[in-house]
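Labels for the chains are A, B and C, by order of writing; each one numbers its residues from 1.
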């Protein structure tokens, strides 16, 4: 029986950049300002999510829907719960002892936290890129990119080679490293390492990519390369990015969620959040008046 | 005091403390220096090729060696590792990756207690477990077990320490890729900490290599080559002990040589630890 | 939380207000010059136009610098944009006042065609609209601003009526043509001034509500020509 949470990483590869796979027909935008709404369930449907670490409640009653094939950014001052929220989306918050939650999260229509669902399978469908790049030090560049596939049992050499090139191309790193894929992952510069980590996350072909402040340790040029990359991959992936850099949220994302003190204050199209937010707290934050 | 005088006083105080620190450092390493010097003076003359290749000869006969003791020590160390390393490393993995706060505190406490147990007690334990029930009696197995018990707390603590040093972000990255926790540990965390774990194992080996008491009634000693691990086996510390308490000069000289070889062995182990700990590139 | 950069925006606002006051004063002065027949006052108005030009450049400069260096968003961004647009409108008001002043100088050489009633009335409405737009800008009142937009039709109506009157005047008495033409152009300038006041009111609505109401039904002129 086809398990509901089977990841798609074992699927036959259609080269995504040459022939985009046929998607459910999307209504073309009537006006340039309204983004096309993809058909199907939202990437995440969060309902009344509350999270506690021990006795401390970090998220209060969060409800929102993340649409597929778009970039959603999460902004807010330090300690507002945005990283916690991100980690509930791939069940990484469970790694903290004493973590518990209430409420429901549906991923593409399926309950993320139901007892039959295995967290490791979830994490193959939802990739994550961290704030500080962390390529595995004992592995080469190629091994780093393919580690998610190899250690999950994929051994077909041809497929692996293809995925390697594909992922590195998507991460805009192929041209820079194609001649020395055997070098250790840690021999790259900071920006390259982060793109390597992104390639590593992309290689397992998740449907959703979560990014936790991916550019905060990068210089402006590396940052702009990563933002370009996000813009490219959003055609095929859903991206949720936590950022403390509001200009980045304004540049990259289609929708923006503003969190403050563990509560979702406002969630709307990015241009509304930055041009005419409904909530005065949002306005104060994006204008830089606090945080 | 004038400014200049103040300055001179402070310089003098500084110089005094510097000298004091250097003297203390010298005091600390001078016993080692004396020991090495004395060992070399007493034992170097007996070190020759025969020493390394010949079996012990009866009193009076020239040309005896400690070949079997050297090989025996190595055998015992390897056997001890088969006991000490798996248990210690797995325990270290538990402490670092799986254990809860309170459980870990208990385990560490008991490991420290075990570490402090006198080595002869381990000998007795091995004696009771293997020698007494004739399973198979005085043997390399018994000696290896006793030494292995001693290695466990050492390997446990060093393994835990190096695993804890592996940054959390590697584990998170591995888990975020959808790897089960055991795979994340064995394929990502352990390889990263491997050098440190090996260092810990070598240090533990260096520690137990020189233990004599637990071998007294487990390995028991052997004047001949040890043909099977279930037979008694010679070991350098045992041999040194036997020769040293004997009334024969020749054997005394051999004991000095044996001591020198033993110290040399431990020195080599420590050197490889330093080498491994060196940052390459 | 008062921040350093908010002081710069405050400066922008007060410069805009000052520009508005100057523009209103120009229109009032030029009307006074026309009605009381004082060409010297008209000359003053012409000379004072430099101040408005200078203020426009200053405000634009401030606004661009602010956008460049402070990357404003939301209300602050809209304020900066409105500042630039409104300063342009006010500078055009000043230019129209200057045009009127030049015609006043020419008209003062001859006796008036008839007592000036409609022209000052138009000017009165136009300056009311300007004043109202400035007040709405200060108060952040979008409703009042929309009401101002609707008054533009009054001015248009007077303009059309004057046009008809003066046309028939000119046909009947050809010797009055030059004066009548001047008055027609003055009327046109005042109608343009009212249009600019409408623009500023629309910009205030954008500032307060983030809604662009230009050319929409809400501000479409009521009444038909």
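Please note the rule applied: a contact is a pair of C-beta atoms (placed from the backbone, for glycine too) under 8 Å apart; a residue touches a chain by one contact, two chains touch by 3 or more.
Quick caveat, the model's predicted, so the values are computed rather than measured.
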Innermost chain, where centres are averages of C-alpha coordinates: A
Farthest chain (mean CA position) relative to chain A: C
Whole-Å separation of chain centres (CA-atom averages), chain A against chain B: 49
Gap in Å, rounded to a whole number, between the CA centres of chain C and chain B: 94
Centre-to-centre distance between chain C and chain A (centres being mean Cα positions), rounded to whole Å: 52
Footprint of chain C on chain A - complex, ascending: 246-247, 250, 274-277, 283, 286-290
In the complex, chain B residues that touch chain A: 100-101, 167, 169-170, 172-180, 183, 187-188, 191-192, 194
In the complex, chain C residues that touch chain A: 1, 3, 71-78, 209-210
Complex interface listing, chain A residues touching chain B: 7, 90, 92, 95, 97, 120-125, 127-128, 130, 132, 134, 136-138, 147-148, 151-152, 197, 200-201, 204
